[in-house]
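Quick heads-up: structures coming right below.
There are two complexes below, and they share subunit A, which is joined by subunit B in the first and by subunit C in the second.
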Partner chain A sequence: MRTSPANIASAILTYGFVGLMAFLSVFPFIWMALGATNSSIDIIKGRLAPGEALATNIANFFTLVNVPLVFWNSAKVTIFATVLTLAVSSLAGYGFEIFRSRHRERLYRAMLLTLMIPFAALMIPLFIMVGKMGLINTHIAVVLPTIGSAFIVFYFRQSTKAFPSELRDAAKVDGLKEWQIFLYIYVPVMRSTYAAAFIIVFMTAWNNYLWPLIVLQSNETKTITLVISSLASAYYPDYGVVMVGTILATLPTLAVFFFMQRQFVQGMLGSVK
Partner chain B sequence: MDIFARAHLSRIAALALASASFLAVTAAEAKEITIWCWDPNFNVAIMKEAGARYTKTHPDVTFNVVDFAKTDVEQKLQTGLASGTADALPDIVLIEDYGAQKYLQSFPGAFAALSGTVDYSGFAPYKVEVMTVDGQVYGMPFDSGVTGLYYRKDYLEQAGFKPEDMQNLTWDRFIEIGQQVEAKTGKKMIGLDPNDAGLVRIIMQSAGQWYFDKEGKANITGNPALKAAVETVGKIMSANIYKPANGWSDWVGTFTSGDVASVVTGVWITGTVKAQPDQAGKWGVAPIPALSIEGATHASNLGGSSWYVLESSAEKAEAIDFLNEIYGKDIDFYQKILQDRGAVGSLLAARSGAAYEAADPFFGGEKVWQNFSDWLAKVPSVNYGIFTNEADLAVTAQLPALTQGTPVDEALKAIDAEVAGHIQ
Partner chain C sequence: MSELQLSNVRKSYGGLEVIKGVDLDIKSGEFVVFVGPSGCGKSTLLRMIAGLEEITSGDLTIDDIRMNDVDPSKRGIAMVFQSYALYPHMTVRENMGFALRFAGIPKAEIEKRVSEAANILELGPLLERKPKQLSGGQRQRVAIGRAIVRHPKIFLFDEPLSNLDAELRVHMRIEIARLHKQLAATIIYVTHDQVEAMTLADKIVVMRGGVVEQIGSPLDLYDDPANLFVAGFIGSPKMNFLKGVIETGDGGTFTRLSDYGDAKIPVGLTGATPGTAVTVGIRPEHFKETGTAALDLTIDMLEHLGGETFAYARHGNGELVVIETKNGRGLKSGDRIAARFDPACALLFDADGKRLR
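After this line comes the complex of A and B, so read on.
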């Protein structure tokens, strides 16, 4: 690359812009981490330096919150939601792409339309259904409505377009049944698609707030998002404690993302190996 | 079906069964009273204390206090009531006073009327008014936001004012003092968040008026108290004796940092004021300034909430008896929550207890709780109506224009139009 003044100027602009964006997205995290080490009053005063209150904040968080139980609840809901959503929605995405029928596209479009209905509109009917089933205040009620995810079905169908039909034909010649083709051929081939979908579903389930808030009724069933919300809305919230809670709540999604980063990028690019 | 598939199926079935039992949560036991409220250090802790007291004399009744954020309690209550799913609701719920009429009027029959059971004459009248619909009283009055003028004795002394000079002020005198304080000490008189109409509400209620009249109709353009309140806040702004704050935390920072000479707000701020040990002895509390119009008083209120029993509750009788025994009669309980949590209840008889009678060294030995208790009984009753929050937004939208010289009547017309839009 020649270093003409125009090139240098554009490089400065590019890096300046990228740097600014990076700062904007990283700053809240820095602030959260610094906040966890400061007392609530220092946070209110806008102190932006590491403080000495970290141990106190952690101790207070652990006294106020039954941490093992809350994380256990969140983990339970998230793992069940993720596994079931991936299982159901990938089957649906596979089915939509592989099997032809007269009503396929109409059905598919109808399903995509459901993406446009805001959850707030579905909430009360859904709540009545769950109430009639006697599932209020259970984790089943939290997981159930998330399993059939139109977005994940859409995502799997799009990715399935890249799934070579020759593989399926060859498997059929070898005498595999449809479910065996799905389980032994499709799933391993679509690994990176699953990984990307896993991250998306995991994060959504872990951070899910409104629906768990509506169906969960007791301290024993609450997930981490509800607990942090309750801490943060006190008349005088202890922001140091809230920051500790937020950091702990961020760790699992962070870990999942870092472990599966490579597959996530591949999945997003839609590669099939 | 081949063996392979069968093995898989049974494994899947086993997994499904295991997960079902794994996810299930046992139902609540009989005689357990479930309560929803917010703030683990305040309402939740206080309700746990109340529950423990009741269980001592009624060992068969236990309590399950569930804490959610305030907006979350409202969201859940709204969904539960709207869906008509009774078992989705608690036995007792905490509702903020400003929102009480909205729930009581939107869901008639959803809350238990306590008129025959509770002796409401023992409570601050304005708290009872908040929960009255068509002559029936619902709910148990809880914490009060009775207001006071907290002022820095040291700053005011530098400006030449003694504590006696701070008693029974008018708002015009308050502004004059503020100008003196700034000239002599360089400190602003008061912290003000231009996006919060709290001060307007305080001043308006002190003269016995609200955004709505007793029938719930909008009371804006012809409301002398609202007009005077908006004018007063406008004067404070144009006299530039205020330190602007952006949001609640920033506003709290204006006085915890020592940047302003006074605070006008609800009694619940006392704990925050006292959380600065280096300011001990420097604060005093006086009645808030009054307007110079008919019906003006030195007593008002900001915030506060109350307990309500759900009509659908399976433990309705126990829940009502519990509230009546503890919140309606137990003077000692009110001493305990004042000492431990800084909570000022609305039961007037509570003032005769030891905690209320104690002098507070932080305020230079003043009997602040006795004073607040005096003012509590004098807070004028108003009807908070259904759209207080909407009216608040309309008021804050007009505050900047006022400082730039827009006539008050014009601002009131704009507020009225905005509120009328919500009521239809």
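After this line comes the complex of A and C, so read on.
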């Protein structure tokens, strides 16, 4: 590349922008990690250096929060939501792409339109529905509205376009029924797509806040996001403790992402090559 | 081994008819090739036989049993696909035994059949590999092995060689011919490559626009095509077609080729009406140094293949005529030649393309 003034200016702008974005992405994590080692007062003062309050903050967090129960609640809700969302949405995506019908596209578009409705608009009717079903303050109420995800159906349908139709034909000639083709051929062939969808759904479910806040009302059912929120909204919040909770809450999603990073990238590029 | 009949078989997608009444008898052990240009319906017809496409009307019978509504896996067929359609998450062994596992065949029997097929196709060392670790030719052999283990009545091949390079294609063509001999199997094979059709088939079915144009042995179709389409489709380079008009004169009935200096070709037809517009078909290899009929041509371009030469020549600004000659090394572009041929080798077609005999 020639080093003309225009090129240098363009490079400075590009790197400047990328650097700013990187800073904005990474700074909250750094602040969170440093905050966990500082006292609440130091955090409020804006101290951005490692402190000596880590052990105290951890001890306070474990005193204030029933950690095993809260993590168990979050894990239960997340695992059920993830498994059910993947099962239901992948079946729907497969069905939308594979089976032809006169109403297919209309139905699909109608489903995609639901992406435009903000959750705040659905909250109240959903609460009334769940209330009528007697599910308030249960984990089923948290999981149920999330499993038919329009975005994940869309993602699976798009990915299914790359699934070779000859594999279905070969499986039919081999004597497989439609559900067996899905289970024994489609699912293993599309495993990278499932991995990518797993990460997206897992993170969404683990970080889910608003809906659980509405339907979970007792301390025994609350998830980690609700507990952190209640710590932060106390009369005298201990931000050091909040930061410790936030770090602990981040660990599972980080672990899932790092373990499945390769499949995630492959899934985003397409399972079938 | 098994017999198959198609009786007035049709296929429509909504109002669009793509297979327009096919009648066909395939005898036990026959190697039948469906050939035709893209979109002629040959693959659709094969998929209808396989049960992957519904038959709109007509009957498909295998061993005298109507199969129209029978599940693909119960028809006694096995299919080899163009893209091989190997299950990417399974090893070669698992791919080959998969159908048998679903058919409830005991494990020991599956192992026996897989080993037998692996021996026939020399796949023994590859059995634990995944498809992505195989070359194109090896994948093709696995796809054939997957068909063999099922002991089908009829093998269906859907353009199985079109994804291979030229050298491998020739090799696999010979392998498939050997396999046919070894298994004495009934095979239906779809291709758009007429060389594959000519070299493999006992019987060729030439299709166009969902209609069977002609059925016959390769040499019958080559020597005695029923119409202009078959004459042009079978043979490479394709047959030369020259426009002419039937006339009568002192020497009897002849075809005058006004685009070729009013050359006259004697016609051995009885009842040919003077004034009828016809097309004269001459294969490139039928041009000789001797012959009673001749065309005055100028060579435009030459293709030297070593053993023979293809000369592309024309009269004036007329269409190119392809001439095959064994003695073409001394020829060069711009040479004027008298392309002679025996009129008995020339085929005549009427204005609708039907053969005049």
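The definition used in the following text is that the second predicted complex is superposed on the first by the 252 of 273 C-alpha atoms of A that agree within 3 Å, B and C clash if a C-alpha of one lies under 4 Å from a C-alpha of the other, contacts with A are read in each partner's own complex, and residues count from 1 in each chain.
Methods note: a contact is a pair of C-beta atoms (placed from the backbone, for glycine too) under 8 Å apart; a residue touches a chain by one contact, two chains touch by 3 or more.
Just so it is clear, the structure is predicted and the values come from calculations on it, not from any experiment.
Asker: What does the overlay on subunit A give for subunit B and subunit C, a clash or a fit?
Answerer: Partners fit side by side after overlay.
Asker: Who does A:Val143 touch here: subunit B (first), subunit C (second), both, or neither?
Answerer: First partner only, subunit B.
Asker: With the two structures laid over each other on chain A, which partner does A:Gln217 touch: subunit B (first), subunit C (second), both, or neither?
Answerer: first
Asker: State whether A:Leu91 touches subunit B only (first), subunit C only (second), both chains, or neither.
Answerer: neither
Asker: First (subunit B), second (subunit C), both or neither: which does A:Leu122 touch?
Answerer: neither
Asker: Of subunit B and subunit C, which one contacts the greater number of residues in subunit A?
Answerer: B
Asker: Where does A:Met203 make contact in the superposed view: on subunit B (first), on subunit C (second), on both, or on neither?
Answerer: Neither partner.
Asker: Please indicate which partner A:Met111 is in contact with in the superposed arrangement: first for subunit B, second for subunit C, both, or neither.
Answerer: neither
Asker: In the superposed arrangement, does A:Ala75 touch subunit B (first), subunit C (second), both or neither?
Answerer: Neither subunit B nor subunit C is touched by A:Ala75.
Asker: Could you read off the angle at the CA centre of subunit A, spanning the centres of subunit B and subunit C, to the nearest 10°?
Answerer: Nearest-10 rounding gives 160 degrees.
Asker: What is the minimum C-alpha distance, in Å, between subunit B and subunit C after the two complexes are superposed on chain A?
Answerer: 10
Asker: So in the complex, which bits of subunit A are touching subunit C?
Answerer: Contact set of subunit A toward subunit C: 164, 166-167, 169-176, 180, 185, 188-189, 191, 272.
Asker: Any idea which subunit A residues touch subunit B in the complex?
Answerer: Residues of subunit A touching subunit B: 41, 44-45, 64, 76, 80, 123-124, 127-128, 131, 136-140, 143, 179, 210, 213-214, 217-221, 226, 229-236.
Asker: What residues of subunit B sit close enough to touch subunit A in their complex?
Answerer: Spelled out, the residues of subunit B in touch with subunit A are 5, 19-20, 22-25, 28, 34, 38-42, 64, 66-72, 75-76, 79-80, 82-85, 87-88, 90, 249-250, 252-253, 256-257, 268, 271-272, 275.
Asker: Can you name the residues of subunit C that touch subunit A in the complex?
Answerer: Spelled out, the residues of subunit C in touch with subunit A are 47, 50-52, 71-74, 77-79, 81-83, 85, 87-89, 98-99, 102-103.
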